[in-house]
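The following blocks contain the structures, represented as structure tokens.
Note that subunit A is present in both complexes that follow, paired respectively with subunit B and with subunit C.
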Partner chain A sequence: MKRRGRGLASMWYPVGFTVAANPSGAVVKVNEDGTAVVLTGTVETGQGALGVLSQIAAEALGIAPNDIHIVSGDTDTCPMDTGAIASRTTYITGNAIAAAAAMARDTLFEVAAGMLGVKASQLEAKDHKIQVKGFPARNVPIADVALRAHIVNGTPPIGSATWNPPTVPLDPETGQGKPFGTYVYATQIAEVDVDDETGEVEVLRVTASHDCGTAINPMLVEGQIEGGVFMGLGFAVQEEILFDKQGKQINCNLTNYIMPTTLDMPAVECDIVDSYDETGPFGAKAVGEPSLVPTAAAICNAIYDAVGVRIMSLPATAEKVLAGIKAKRAAEQKQIPA
Partner chain B sequence: MIVTLTVNGELRSASVPPETTLLVMLREHLHLTGAKTGCDVGDCGACTVIVDGLAVNACLMLAAQADGRTVTTIEGLATREGLHPLQKVFEETGALQCGFCGPGVIMTSKALLDHTPEPTPQEIRTALTGNLCRCTGYVKMIEGVQEAAAMMRSPQSPALAGQSPALAAPEQK
Partner chain C sequence: MAQDLMDRELDVLDKERVAPVETLRRSDEALRLPAVAPPTALPLEPPLVPQVGEQTRAVGLRAQRPDSRNHGLGLTRYIDDIALPGMLFAKIKRAGIASARIKRIDTSRAEAMPGVCAVLVGSEIPVNSFGPSLQDQPLLAHPIVRHAGDGVAAVAAVTEQIAQAAIDAITVEYEPLPGVYDALEALKPESYKVHGGDTNVYASKVIKRGDVEAGFAQAYRIYEGRYYTPGIEHAPMEPFTSIADWDANGRLTIHASIGRITLARCDLARTLAIPISRIRVIGTVVGGNFGGKNEIRHEPVLALLAKKAGRPVKGRFNRVEEFVASTIRHAFHMDYKTGVTKDGRLIARQVRMVLDGGAYCSFSETTLGKACILSTGPYEIPNSLAEGYVVYTNKTTAGSMRGFGAPQVCFAYESQMDEIARDLGIDPVEIRLRNMFREGSMSSTGQVLHSVKVKESLENAVKKFGWEVQS
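Up next is the complex of A and B:
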């Protein structure tokens, strides 16, 4: 019969490289019409990085994400970026872009200060305007400020910046240090049905609660979490690279390397924890890789809850789970006194 | 051999070797590269097109088998006026990430909605089971198909305004 179980697993995950330098550079220029161009060396792989980076630049400049033209992944034109790896794009590239945008914005403030007759430090950029803090009615459109900066003041608003997370190397004797700029945290809960006659595991539901700092784009964060749960599910119960004696992979096709389909995918409930990280761009940290870290552990704990079997190697195939159930029954029978 | 298809409403012919698959004919002879070559053995669904109203893996069908039949590819969905509701919803809700599986997923979903305008989540899951996706976990796709289905059932849908009736209506058998 099918036995229901629930399991929980938590994780923490570092963002960026371990102590080693992993910088990002960015250039932001504000055009005469109040739009902006961002140059970044990072690449979009479908995770939505360029959308999030546009949002960061737009927020810093007080304009809309649609006003940002982003040029990326071209080593001829873009500044160096370590890459879309180590779950670092939003945090590290985002910080570089936020700093470059702030530098361009400071030029706009200098120009607008003269136009509005106030100090540059009294200004803020919001809703396509440069306005006096606390007195939003005293404002000039960013397009007007940018045009003036270009053709009257002779100070085109361009910013460039690099960012590398501040770290402290690990002490070789004590192992102490601060190897990463920040960390993310998550807890996932899995609900499974285990058939105790076949060992088959069906994952019914996963609830994933993630602290990724401030979610700059919650829809994309959900997409990352759902994709991570899917990969964690494959890791937990289906996917395994098999080798022959010569070390050659024997299941190198989708016919025999089995990954989850729509029918295997459980219902996923995403919970984005309200959080703010002072070192991240507008409070953001990361969500990419961490999204799949706790899934397999939560599923294995759920299997234990359902049938009392500890799975010590992944994936938890029906054969392994059934062998575990049989071994457990055999051990229980032995314990009955004669 | 000469193979003639009605592709996206247009009669197209090509002279192809007999072993040519429909996918190769579409991509290399007709230059419709929307259907993707993923595994080329029918496992992944990235090459899905609609032949006479049914979603098929174009890599598993010979071009000759499609001779004289009606084929719809991803290129046939959007019109000058705008995207197909499935494309629009998928774009707006982040239902695709890297997008490689996208043409196949959208064509499978269109074939489903043409026959089942109001599918249950389980029907959508069953229909999409032959389309593998490595990025999304399918969650937003399944929700997106439901949302597009609702949009297509609503007669005042702005997304459908101006769309040619031939594409809005189910495929002719």
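Up next is the complex of A and C:
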């Protein structure tokens, strides 16, 4: 019969490399019509990084995300970037782009200051305008300012910046130090059905609450969480590379390396924790890797809750769970009532 | 007569066509072109002209991704959609034996095959080693094979099929060597040493805070458990694929599905012994990464084949190579010992972990470091000691994979947390709330933490899930 259980797991995860420098550079060029081009050395690996980075640049310039075009992934044209690794793109490349955009914006402010008869420090960029803080009616369209910067003032608004998280090396003896710029946190709760006759585990739903600082694009955060739960599910109950005694992989193809399909996917309920990290771009941190970290533990704790079997080695295959159920029954039968 | 023949030929062609005949246009038949789908204009939106005053929310917006329309319409160009004029196809011969010395490689039959343009073995590579921290991995094994997925020879040919046939025609004579296939075995002094020397341990880490023994002495109860997580595969939909292309000035362009183009450029410069300024790496849209595409894999081999053949060369892994010749997640053996007070506070935790690094280092040092730092979990534990080792074995190289050791240690520390909660009769939510990091807490490395939201994540999840906490 099917037995239902629930289990939870929390985690922490750092953003960026462990102590080692992992800088990002960025160049932001505002065009004559107030749109902009961003150069970054990172690469889109499917997670939507270029969308998030467009949103960061747009926010800094007071224009819309689709006013931005990103050039990426070319060592000839793009500034150095450590790349799409260590959940670092939003936080580190994002900080570099935000700083480069602010530098280009400062040029726009200098030009607009003359047009509006105020100091550059009194200005802000918003809604495709450069406007006086507190007096939004006193404004000039950003396109007019950008064109003027190019063809009248001769100061094309171009910004460039680099960013690297501040760290303190770890003491080799004790490991004490400040290895990362910041961390993210999460909790996931899994609900499972375990068939106590076959040992089969069905994960019904996973509630995933993640702190990622400001969610630059909540839709993409949810996408990462759902993908992470998928990977965590495989790690928990299905995936394992098997080796023969001579070190050769046995199940090295998709026909016999079993991993989840859409049919295995549980319902995923995403929650994004209200959070702001002052060291990140507009308060953002990360979500890429962390989304899969607690899933397996939550599922295994739910298995224990359902059938009282503690999984000590992954994956929790039906065979392993059933062996646990049988061992538990045998142990119970051996006990002589007092 | 000639017209009749042509008509008959067209009839035959028509029958062989996959597309229904009615989708063909008359002009196609006259020109004997292959069937094409009727043309459809791209459903492009009218150009967006920025409007002054139009509200420009950007951060926090559920904005459409810049690549979503291309993905949706099937217009995204992945690396395998790219073909350069005259491009050849490469294949790499895999050792298929996990520990051996190459005595002889005979490539003569392959070289003589029609359509084969270049053959390469390890001894021809200028600097035949790479790796992000230790440069211990050969591009093509020479002379020692350290795992079954090691490449031993490569071929570039006019088609992938010919390249494969040429690879099959290469014969390699091996002298089998002893091997070690288990991480715990590899720790033993008498074990076979994968890279020679006197130990298979190639990185270790200690993270120490407070006095763990004093903590255990004060503990109400102590829990111990050994946890294991296996090696797993990234399994991206798009296997490793790259193209190497030289110009007449000796400048190399690499198109690659890779997440770190600047690191790739450095590795290419080092292995090929050419200046960085002569290399351009173009990172294509990556069709699945998950940490598996963080370093070069076969790019210098493709570059050398392309140089020999004088033509661009594309190499793509098949699915089996993706498993056996790329990296995998580290298998972890973890011993957890945790001392708690009667009310469920963690006061001491000792963790000892051994990572199976496989044949080469790759990103093992980083994985080990993160795993040790994170092994306490998101909890304030005044006394903690984490010790970790990563060892060579004659198995598939373990490298970076989404989570870098965190999913492994999280499985252990959260499984044990559940066990502690049940044993002490405290709700799993409540015991975590009693121990969790708060704003300003100190981590296992003594770092003062800011923007700590673990408690909020727990409370939100509990509420959303509908978990009623028993107090």
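Couple of notes before you dig in:
Just so we're on the same page, the second predicted complex is superposed on the first by the 336 of 338 C-alpha atoms of A that agree within 3 Å, B and C clash if a C-alpha of one lies under 4 Å from a C-alpha of the other, contacts with A are read in each partner's own complex, and residues count from 1 in each chain.
As a convention for this text, contacts are C-beta pairs under 8 Å (C-beta built on N, C-alpha and C of every residue); 3 or more make two chains touch, one makes a residue touch a chain.
Not measured: the values here are computed from a predicted model.
Of the two partner chains, neither subunit B nor subunit C is touched by A:117. Of the two partner chains placed by the overlay, subunit B and subunit C both lie in contact with A:45. Contact with subunit C, but none with subunit B, is seen for A:72 once the two complexes are overlaid on the shared chain. Of the two partner chains placed around the shared chain by superposition, subunit C is the only one that A:216 touches, whereas subunit B remains out of contact. Of the two partner chains placed around the shared chain by superposition, subunit B is the only one that A:268 touches, whereas subunit C remains out of contact.
Looking at the shared chain after the overlay, A:134 reaches neither subunit B nor subunit C. By the document's definition of touching, of the two partners only subunit C reaches A:276; subunit B does not.
In the superposition on chain A, contact is made by A:226 with subunit B only, not with subunit C.
Within the superposed three-chain model, A:300 lies in touch with subunit C and out of touch with subunit B [touch as defined at top]. Counting the residues of subunit A touched by each of subunit B and subunit C gives the higher count for C. Of the residues of subunit A, those at positions 45-46, 48, 219-220, 228, 231, 253-254, 259 touch subunit B in one of the two structures and subunit C in the other. Of all the residues in subunit C, the ones that touch subunit A in their complex are 48, 50-56, 58-67, 96-99, 147-149, 179, 181, 205-209, 225-233, 235, 258-263, 265, 279-291, 293-294, 319-320, 323-324, 328, 366, 369-370, 372-374, 377-378, 386, 393-396, 400, 402-404, 406-407, 410-411, 413-415, 417-419, 422, 428-429, 432, 436-437, 443-447, 449-454, 456-458, 460-462, 464-465, 467. Of all the residues in subunit A, the ones that touch subunit B in their complex are 45-48, 219-220, 222-223, 226-231, 253-255, 259, 261-263, 265, 268.
Looking at the complex, you find that subunit B touches subunit A at residues 39, 41, 43-44, 93-94, 96-99, 124-126, 128-132, 134-142.
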